[in-house]
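Same chain, two partners: chain A is paired with chain B first, then with chain C.
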Partner chain A sequence: MSGTVLTRPAASAAGSAPPPRRRTLPRLRKQARPWLLLAPALLVIGTLLVYPLGRVVWLSVQDYGLRNVVSGESDYIGADNYVRLLSEPYLWQIALPNTVVFAAAAVGGTVVFGTLVALLLRTLGPVVRTIVISCIMVAWAMPAVTGTYVWIWIFDVDRGIVRQALVALGLIGADGVNWFTERLTFYAIVTLNIVHHGFPFVAVTVLAGLLTVPRELYEAAMLDGAGAWQRFRHVTLPTLRPVFAVVTILSTIWDFKVFAQVYLMPGGSGSNMEVLNLGVWSYIRSFGRQEYGLGSAIAVMLTLMLLAITIVYLRALFRDEELR
Partner chain B sequence: MKRTHVLSAAALATTLVATGCGGENAGGEGDTLDVWIMEGTNPDASAYFDDIGEQFTEETGAQVNVEFVPWADAHNKFVNAMAGGTTPDVAEVGTTWTLEFADAGGLADLTEHAGDTDAYAQGLAEAGMIDGRLYGLPWYAGVRSIIYRTDVFEELDLEEPTNWEELREAATTIAEEKEDMTAFPVAGDAEYSVLPFIWGAGGEIAEQDSDGTWTSGIDSDAAREGISYYTDLALEDDVSTTGATTWKETDIQDNFIDGTVAMAISGSWTPKAILEAAPDLEGKIAAFPIPGPEGGYSPSFLGGSHLSIFNGTENEDLAWSYIEVLTNDRNAELWSEQTTYFPGKQEQITPFTESDDPLVQPFAVQMSEAGKGVPATQNYGKVQGEMVLQTMTQSILNEKSSVDAATAQAAEDIESILNEDS
Partner chain C sequence: MTATADHAKTARPVPPTTTGAARKGGRPGRRKSGPGGRALTVFTWAVALVFISPVLWMVLTAFKQEGDAYTDPPKVLFTPTLEQFGAVLGGDFLPYVGNSAIATLFSTALVLLLGVPAAYALSIAPVRRTKDVLFFFISTKMLPVVAVIVPLYVAAGRIRMLDNIWTLVLLYTAMNLPIAVWMLRSFFLEVPTGIIEAARLEGASLSRVLWSVMLPVMAPGIAATALICMIFSWNEFFFALNLTAAKAATVPVFMTGFITSEGLYWAQLSAAATVVSLPIVIVGWVAQRQLVRGLSMGAVK
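Then we have the complex of A and B:
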């Protein structure tokens, strides 16, 4: 599509004679048509995405507090917010590792578990499959807030079922353990929550892909003596690469900007600074401290990171121009 | 803004003439006042405000449009309204927000209207003043004391503690005798629960020097002693529970309702909600003011609501009339009855301190004798936003830092936040 748009004006510029009038109009119309069709979507994206994004970028180069909110005056300070942000040890020691390591674990967990469920689903008969899919859809349909509170309840320090089970098994003392105060255990619970919430999407998407893989490929592989793992590794994986690319990228984007699942956990709304990720930190800086400028700078950084990761992914996965 | 300038100016002119002999009541026939009231204080306040609206209309001829705003969204809603110029004429404002909004230029100066501020609960009036000018009129107040289970106290033959040692003894007795109960939860995510012990020991969150700089007293010996006493209840005396390290006040309340907590720091407005949720506790709860280290009382945070007029209102006098109707003796009494909050005027509090209700009188005593405000500066909201006190308490409770280290860090944070120019 982009090829045609680019080459045509170039050709006409190089051409010695202007094209006859009669032809220009349909051509113009032809060029305008895609834009016309795209216009409603672009308009919506422009208002709902590009404008707020631009506003955040603009805020991030200002010293913007509550007083500015009321007066509407802006106080341009250039890259100061970014300098402050990047020289803050908290970013490097806590917020960034929390975000990145957690996202890696959550994406890995979601994609692997989702794929396993998809492989299971493929072997099921249509009736059982429908039942299982309906069940896992419940996990997907559950609002993040509800899901988070369920996990908090499961891990309730004093009366949660996990604690009761572990005490009954004699694995922890009668006093229990507060897993919400430790970074690792805190994020282990968040990861469970996210994987539980995110795997149905991966399972259903991968299943859709799996059903398109021609049976003959597997039969041929089996004739060659390939085991289950080899069939997955050498038949399923290459065929479904675009599908895996999509679910991985989407999961990465979702897991990097996890907010509610951290914010709602005990200590996650700011009283335990060790467990904040970039999203929650940005929120607390903006609305807790009313440093909207710095908060925006964190948000912009998070966006840039996500863009970079997405580009790297896309390039790695479609190196051979499979996309076209 | 829904109202038109022409209309309200004309209305003001006519009513000024009409009420020429009626004193300061400025009204507006056909004028409409926008009022925001916080939702969640009173289970259903709409009937009450319908009634107030009728009284107001009768008095001034103007209409009122009351909008209920949930507490949790309110701060952002105010900020957005100030940015967009859609603020109401009159609003209920949480006492810890008033200075912040006033400093940002959002609130009208009420000093001339209010007159002598000594008539109001002191901590509450202070929380609404910058440089001697009043921006939030004390409307109602709540204070935290200790609520306890009378049946447990009777069974174990305990008396209401009157000093810290007795409090500790009562708690350890309960902890030993009642295995399935938490004697006294030491909640890590509840700033107002730790404050009485800081203040009771003689410590301060922060004080302003003559040159305007704030110095935090949270790392003083006195404050450290109070914080140690409080956190040691959990760490040494084991009267709390592991989970309480990350409890908020609502978690204390939930567990109290479940019947698993024997004593807890709780707000004067909570017994009603607790009894509603757990009717079987009726007659089994009472309260006592938080004792001082050697007797007397430990000060407890006096929170509540102000009524403020927003800059941008077109009829400040009319807005003030509404506030007057809302805070007159009869309506204030009715409001207290319905919400179990205390009125903001000193003379209206007296009947409560003389009450014989075990769930009213102790709180009223706490309020009138040992109520205290947080540092009166627009930046204190940021200290709360950063949860400095919660972070401090939690890091001590989960034994990540010592009392000395945690308080030093908190003092540093408080000073850096309070001394930054907003």
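Then we have the complex of A and C:
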């Protein structure tokens, strides 16, 4: 494909004059031009994402409540919000574990399941593969809000299909179980929701990577008597390391920031403090209780955590290869 | 991925021992798969079915009467009705769709307008600090939206842009730009440099190189990027929830209003969810090939 596009302009160029010499254009302008192309994008992101983040960092060192929103004045209190935050047992016992343990489970689930599906997809013929990809892409494209409602309904305490099935099987009593009040079951449902929503991305990405692995590598491994797991472990995994790194980074970023999938669940908007993660907690502290300073400190902490994780990942990813 | 892997995919000569059909799928264990392969196929179908089933269940419920939706055991056979869809569409649903459409289409157009030159600057005519700029772009993806909402809310209030759909257009543009730049850049890197050099040799201006040489080659990549931005914008919930009210609310916000005001009318909620998901699922489904390519390219490269 690339060959045909290549020949057209190249052929016409061959007959033309040698490159016209730029007479007066200084090198500076040539160097500045790419930056001019970048400037609008950087400006938009700077104004709408980076500046607010700076404001949040500023807010996090203020005693900023509703009173201050009205008056416009603020009191600088240094690290007080952070001290308060870090000495709050709720952070260590509830919010942080809810965020980190859940993210670990969800990322693991998404990546492992997505990879399995990718391995299955590779063995399928083109037609069946297309059909299966269509099915899983529907799950991916569904809005998180509708997806969450569907899961809430499936696990509905009174009329959910899961309850009906479990009662019919005699596994739970006729009274049913409220899955949403317990932290563990609450997050089990959130994990299910997230894995369901996130695995198609991993599957198609890993599949794209798998298709670039030269078949000879597998054939050689098979000749050496390597089983399926060994082939995966010694051929697929090393070759696709960058792909796995990227899907893991992106899943981690997404899963740490999960908001709608928690906030919209019963109790997730603050009525059940047991089930909040850092993001939702920060939001409720800020908007629900008008403690903007403390809410901002939580947000800054979450951002720093994500930053740290991403830097560690990127280090690992680009350890021995140049960024293309 | 590295250049060698690309090379292996596109230009690898066919080994003499393999048939064209085997090469096409690039599947290693195909030959020895007899009954095992069939079992695998069945298993894959089961997986696909399990993962489509919540969606199917939702769509099925949308065609039920409220009474049919709650039976135990659940009814699979029932007289389908369009009543719920009528109720949803007969309400004040359409303004929300309009808002969502504005936010989606305009933000996507803006993303491309800003993202294509930026990606060009990071691939074809790279700036000195390409790596830093790329990291900057991707680092903004780490930003939790809860972290920026308070200042944005205050700022939007101050300039009287709360409950204004153009606020969302701008925010969605900023939200999607980083990933779009990464994706577009990976597509730009795929364009054979020969074309660009040739056009340059002919003295074509930069805008001309972009417009008449690159664009046709880039079209599928740009389409994929646009689709992904559209899906993200249509589905965005957090900014819409906090920065809009009655006037500029989008469909995800409509959904949340639904559950609180209508209580537990699951059949009607399912109908609403189906209607909300439908446009974006159709878009995603029709353009799946580009989407899959775009998703994986953005991440792989």
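Note that the second predicted complex is superposed on the first by the 288 of 324 C-alpha atoms of A that agree within 3 Å, B and C clash if a C-alpha of one lies under 4 Å from a C-alpha of the other, contacts with A are read in each partner's own complex, and residues count from 1 in each chain.
One rule holds in what follows: a contact is a pair of C-beta atoms (placed from the backbone, for glycine too) under 8 Å apart; a residue touches a chain by one contact, two chains touch by 3 or more.
Just so we're clear, the structure is a prediction, and the values are computed from it rather than from any experiment.
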Pick one for A:205: touches chain B only (first), chain C only (second), both, or neither. second
Examine A:279 and indicate which partner it touches, taking first as chain B and second as chain C; both and neither are also allowed. second
Between chain B and chain C, whom does A:150 touch in the aligned arrangement: first, second, both, or neither? second
Identify which of chain B and chain C touches the larger number of residues of chain A. C
Between chain B and chain C, whom does A:136 touch in the aligned arrangement: first, second, both, or neither? second
So, A:267: does it touch chain B (first), chain C (second), both, or neither? first
Quick check on the superposed pair: does A:69 touch chain B, chain C, both, or neither? Answer first, second, both or neither. both
Report for A:171: first if it touches chain B alone, second if chain C alone, otherwise both or neither. neither
With both complexes superposed on chain A, which partner does A:181 reach: first (chain B), second (chain C), both or neither? first
Shared chain A surface residues [contacts with chain B and with chain C]: 69, 156, 287
Show me the residue ranges of chain B that touch chain A in the complex, using the header's touch definition. 75-76, 79, 82-83, 100-101, 103-106, 182, 188-189, 241-243, 245-248, 381-382, 384-387, 390-391, 394, 398, 400, 417, 422
Interfacial residue positions of chain C with respect to chain A in the complex: 1-3, 5-6, 8-10, 12, 15, 18, 23-30, 33, 37, 40-41, 43-45, 47-49, 51-52, 54-55, 57-58, 61, 69-70, 72-74, 114-115, 117-118, 120-122, 125-128, 130-131, 133-152, 154-155, 170-171, 173-175, 177-178, 181, 189, 192, 194-195, 198-203, 206, 213, 217, 231, 234-235, 237-238, 242, 251-252, 255-256, 259, 266, 269-270, 273, 276-277, 280-281, 283-285, 288, 291-293, 295-297, 299-301
In the complex, go through chain A and note every residue touching chain B. 65-67, 69-72, 156-158, 175-178, 180-182, 266-267, 269-273, 284, 287-290
Can you check the complex and tell me which residues of chain A touch chain C? 2, 5-6, 9-10, 12-13, 16, 18-20, 31, 33-35, 37-38, 40-42, 44-45, 47-53, 55-56, 59, 69, 117, 120-126, 128, 130-147, 149-151, 153-154, 156, 159, 161, 164, 168, 196, 199, 201, 204-205, 207-216, 218-219, 222, 228, 231, 239, 242-243, 246-247, 250, 253, 256-257, 259-260, 264, 279-280, 282-283, 286-287, 292, 295-296, 299-300, 302-303, 306-307, 310, 314, 321, 323-324
